């Protein structure tokens, strides 16, 4: 069973790396969509023993939201704010990928400091979730476009989701759904915000939003 | 004892103007003149008392109050000052403070009386007067503090009665230093050379005299007499310190003290004859010097 | 009705009437009536028990179970020490209220009397409080209400600046007090008796720290150098009756607090007294020097408050030295002198500020060199001011002399005492007092002479109006008090004994014994004063007999100059110039001078300005530097959201690295 | 009747209100709905608070809703803030300058969001499940984001965006922390429905995995700390507060920050017990509290915009509360008391700032000068509230700070004492330097007339009166409630 999970985790790592590497926002969104599908599969493999209704429901919702809805929403806003499609990072793509590797190593090291988690999950889970959180943060910090920030936030969320699903198998469904709902709301609200911003400033370059300071 | 104190006061009242005469005669002698009669000051007083007074229209009751209060203070001070081992008529612990502050009152009213005339000359004199006295006061009190520490007494009468040639044997230098600083104080407070020249007549250079330019008649008499008394009282402090003759017989002691006063007058005359007035800007240094000397005396005493 | 209830009633009346006057603000007349009436009534109610305590020497206390949180209860008490401060407080409070009603006249605001009554009430609460929380609340209320009074004339930018300076200074001072009281309260409850127990058990180093805190905190309110900078700004800015109250008694609450709190800290270390003495001499001498250099009447008076606080501090210093070295006589005399000077300064400084207010009110300016000859136009005010001037110079036979004499006595006792430290202290003390006395005389001959004597220097001064009776009577009352305390000093002295005993934490007998040393001299001084009075009477009679009415009027001797003009009179600046030149290194007077050129010189000007030594050379640079340093932080927040997220991430990383093991 | 069963009303009622607002036609209608709804809600809340006083704690919905002394006290604060702000709303919107006058659609949206915020914060206080707690906090972020840009200006957009991104990221960390807490708890083997209930965790906190709990607390502290405006995570706060409409700023400072801090308080007893009461979490809070205080002190001096100044002042006071929590024991008492005092004072300050800003069309303090002349009511309110906020006696804030100092001294935390006083002094100077010209300076330009109605005067009077009263007198019931709350935060019973 761990083999499957590890493959999934590997897929997540690779997608995150690609996300760092891509220069086109569209492809970034696609990478995130892929992550969404992988995450949707995760509960099934994690709670392997007997497919409970709740698990099915959870994975279904996950795929629906993270895999389908979010990307669509993002594409839509990207269309509305028709601006140049490049990511425009502060940090170059190659450097970003390097940072990705470093953060992977770092998170592995950091998680080595934690004790064995209860119901010992596969060893790679926690480091990967940390890694994705870091990648998400890095994207938020190092990209100029507002959409990139949303992407980064999504990656963070995904990372935490991995942690939640695999480590906290018996988290009540209601909480899971609430969390997903919140994530959705967040993305939606951010999207609307970007929409408004592009209307106000006719650009979505967060880097230029610095009139309020001090 | 009480009798002695009384005679002290009476003596002061009678003999104070004489000092002025002595001083003048000494100066005349040095200048090779015959000079005024010894009792000239008395004649002046008598004449002034008989004369009318002229008051400036600017002035108010403050101007008239000045001489009266001044003289009253001088007289009260005379009652405080001991001489020749005899106690002062009024004597209590720390009466020296009262003595110093009585002269303070005298100065205060002389100065405001001067300012009352609105004359810039008198303002000038007043300003100098307050400056110099502000510096002279610490010198006087420090010196007295030295004597107090030396004798362990707090009242003028007590501390001077406790002084004796023996004290000189014990701590002569201290007393000598105190004497020096007192001499400076006496000269400054009574506006004699080297601080002020009593018989200059250029308003710009005078201090005490210029303050009383506008006073005339009895008022001026009061002022003159008050000044003489001040000279006597402060001088008596100096004499008490410098020659504490204790023969045992009160009469002899008193006589010695009187002789001392006359010598002081002569000394003042001599100083006035063979010294020039120092520049006004130098006067503060002189007075600060006096303070330092008193302090030095105290250090000597403490070590 | 027991005395405490009277006092409480007074407090309540003050607060209620203040509130009522604020609410009645629509009709100015009623607002004033309510405010002043309440102030007078409350002060009288407070005065009665205070006097009773002084005479009876008993101390009372009351605890109202209504808890200010963390305090033990709303606890008030009245002991001789409090009473010594309460008496002048209530007296001055009432007189200044009566004066103020006429002084403000139309200029009154709807909250003027609310703040005034609050100020009086809070001051009373400060000296009555027996619980740290109550004390601090009252203390802060006092600061706040006086702040509102300082900014009463908020039209003037100068008043606003003064208020700002005052509030900052007093708050920084309070910070030290908060720390001190917090440390004390933490060792028990907040009641003063508990604080005393806690303080007695303090380790020496901590006690030292607390002493320093108390010195700084209370010294800021009292106006010790170098914490006095707010004082010469705030007192001139406030309305004169408020300046009188602040200068007369509010700054004394600092002295009260110091004496009260040092009482908590166990046996005084020897150097405390020395420290206080040094502070006192510095404040005294520098205060009077800066006063000399001023040419605004109220500023001059404000600096004299610093000087007199210095004299009080000298007395306290000698007192604590005496305590530390086991010389009860020195201690008792020092404390008695300090306490009496507190009362006296309240009386004559109040009088002088009221006089200054009358001048301001009558001639429309307090600028010394624009006044002159007011004695002819304002005889009552002038006479009262003269009395105040003589008193503040410490000249016999008025009250100022008595308190200074007590301190001198203590100093001389120290000089002849066995312990070398006390000898040196006593010597420096009396040298300082002597210098201060001389300079003060110079300063007040200048003030009185230039303002009230000679010829008016401007039309304003020539057209000056005498103040109305409502303003003259309070001054007259205070002037009489100056005389009375001086004349009846032998009777006043024993009243101080219980208070001194409180400070010395010993039996009243010890204090009385110590004060006995002063009894004889004071009696003699009164005798000498009587002689003086008789002589003055006799001499004036003599002169009258000699002259009768035969006095001719003429012009002042003008040295033959043809056209003398009032502007040729000696001005305040020129009068003080020799002394200010002498101390120029300290005063750093700035001069703008356009010297006359050529044979027929055109316009020439000469102006001097002496701003405060510490304000300019210590505080202003300090604040500038702090501001610059803080502004430097702003680069951290340049508005980049990415950067902000980065901060969060870094914080998290750091925590994960360092806090999880 | 057993009130507990109806706890859900506190969440349902606002949702209904939101619906009603959306259904409304006119601005006035929305206003009426808001006033009625909030007053009704407040009444209900007070009923439950009384219930808590009577029974100690209420719980409903299979234990998912829970109200104990701590949350009840915060509910009290929240009631006060919401009621005052809602009563202030009409005056504010009436005073809107014509150029950005909210149309009825905007009004409807505002009302709905207002109620949404109410519901979300109520959820935070009521939920016993730490997961739902997180959901509530995140919800407040999302709901209030659009309240910031009620008046759509570039600045408000920017502020909204920063608020959204920063708080989302922060709260995401809090989610991670929640997950860690769950992981630490999953050793307890509860049935899924109870796994994340705070009460269960609290009962056997001793058996939680200490290291995981520590990691959890770090995430939670950073996460909820971001929302609470603790430095260095505070950067969104000045922008948001300065751009949001005054009532919203009042809401933010008055309760939203406290709600986030409340979430942190919930975890303190857990981590403390789990790690064996070593005071680890207290030290962290103390550190961050001092950091916030000093940061505010550093920035507040150079502010020109009144609402920005107030925002930094909020950072300072949140720091003070954190310091109180960090000191522990009676310090927690002081902190909770300070919460109430600060909420009242800050709401009043923002009300005044809002109205004055409307009169002058700017919040630049140089333009607002002389407000006592131009606007006696609100100028006076501003002056008083500023004086309260800098801790002038005899007002309430002075008292809570004094207690704090005594506690610090009692623990021998002299560095805390010194830094606290230094920071407070710097803030005092920074604020007073602006307060004096604000109140008495020479007015710049002629503002629109004030026209303060009876409601507004009453509002000011009530706030000032309450602050003055709390400064000299703590009612017994309040003390008891605070005591019980302190027990909860401290975990172990603690003598007061």
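Letters A, B, C and D mark the chains as written, and numbering starts fresh at 1 in each.
Criterion: a residue touches a chain if its C-beta (ideal position, glycine included) is under 8 Å from a C-beta of that chain, and two chains touch if they have at least 3 such contacts.
Only a predicted model underlies this, so the values are computations on that prediction, with no experimental measurement involved.
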A-C compared against A-D, more contacting pairs: A-D
Chain centre separation (subunit A, subunit B; CA means) in Å: 101
Gap in Å, rounded to a whole number, between the CA centres of subunit C and subunit A: 70
Centre-to-centre distance between subunit D and subunit A (centres being mean Cα positions), rounded to whole Å: 31
Mean-CA-position distance for subunit C and subunit B (Å): 36
Subunit C: positions in contact with at least two other chains: 634, 637, 639, 641, 645, 656, 660-661
Residues within subunit A bordering two or more other chains: 114, 137, 140, 149, 206, 209-212, 214
Residues of subunit B touching at least two other chains: none
Chains grouped in pairs wherever the two touch, ordered by label: A-C, A-D, B-C, C-D
For the subunit A and subunit C complex, residues of the former touching the latter: 90, 110, 113-114, 137, 140-143, 149, 206-207, 209-214
Of subunit D, residues touching subunit C in the complex: 161-162, 165-166, 169-170, 173, 211, 214-215, 218-219, 221-222, 226, 232-233, 235-236, 238-239, 280, 284, 295, 297-299, 301-302, 337, 387, 390, 392-394, 398-399, 402-403, 405-410, 417-418, 421, 424-426, 428-429, 432-433, 436-437, 440-441, 471-474, 479
Subunit D contact footprint on subunit A (complex, rising order): 114-115, 117-119, 133, 137, 140, 146, 149, 153, 156-157, 160, 163-164, 167-168, 170-175, 178-179, 181-182, 185-186, 189-190, 193, 196-197, 200-201, 206, 209-212, 214
Contact footprint of subunit D on subunit C as seen in their complex: 66-70, 133, 136-137, 139-141, 143-144, 151, 154, 160, 163-164, 167-168, 171-172, 175, 178-179, 182-183, 185-187, 190, 626-627, 630-631, 633-634, 637, 639, 641, 644-645, 647-648, 651-652, 655-656, 659-661
Parts of subunit B lying in touch with subunit C, wherever the complex brings them together: 49-50, 52-60, 62, 64, 68-69, 71-73, 75-76, 79-80, 90-95, 97-98, 100-102, 104-105, 107-108, 111-112, 115-124, 126-128, 130-131, 133-138, 140-142, 145, 148-149, 152-154, 203, 213-214, 217-219, 222, 280, 284, 291, 298, 302
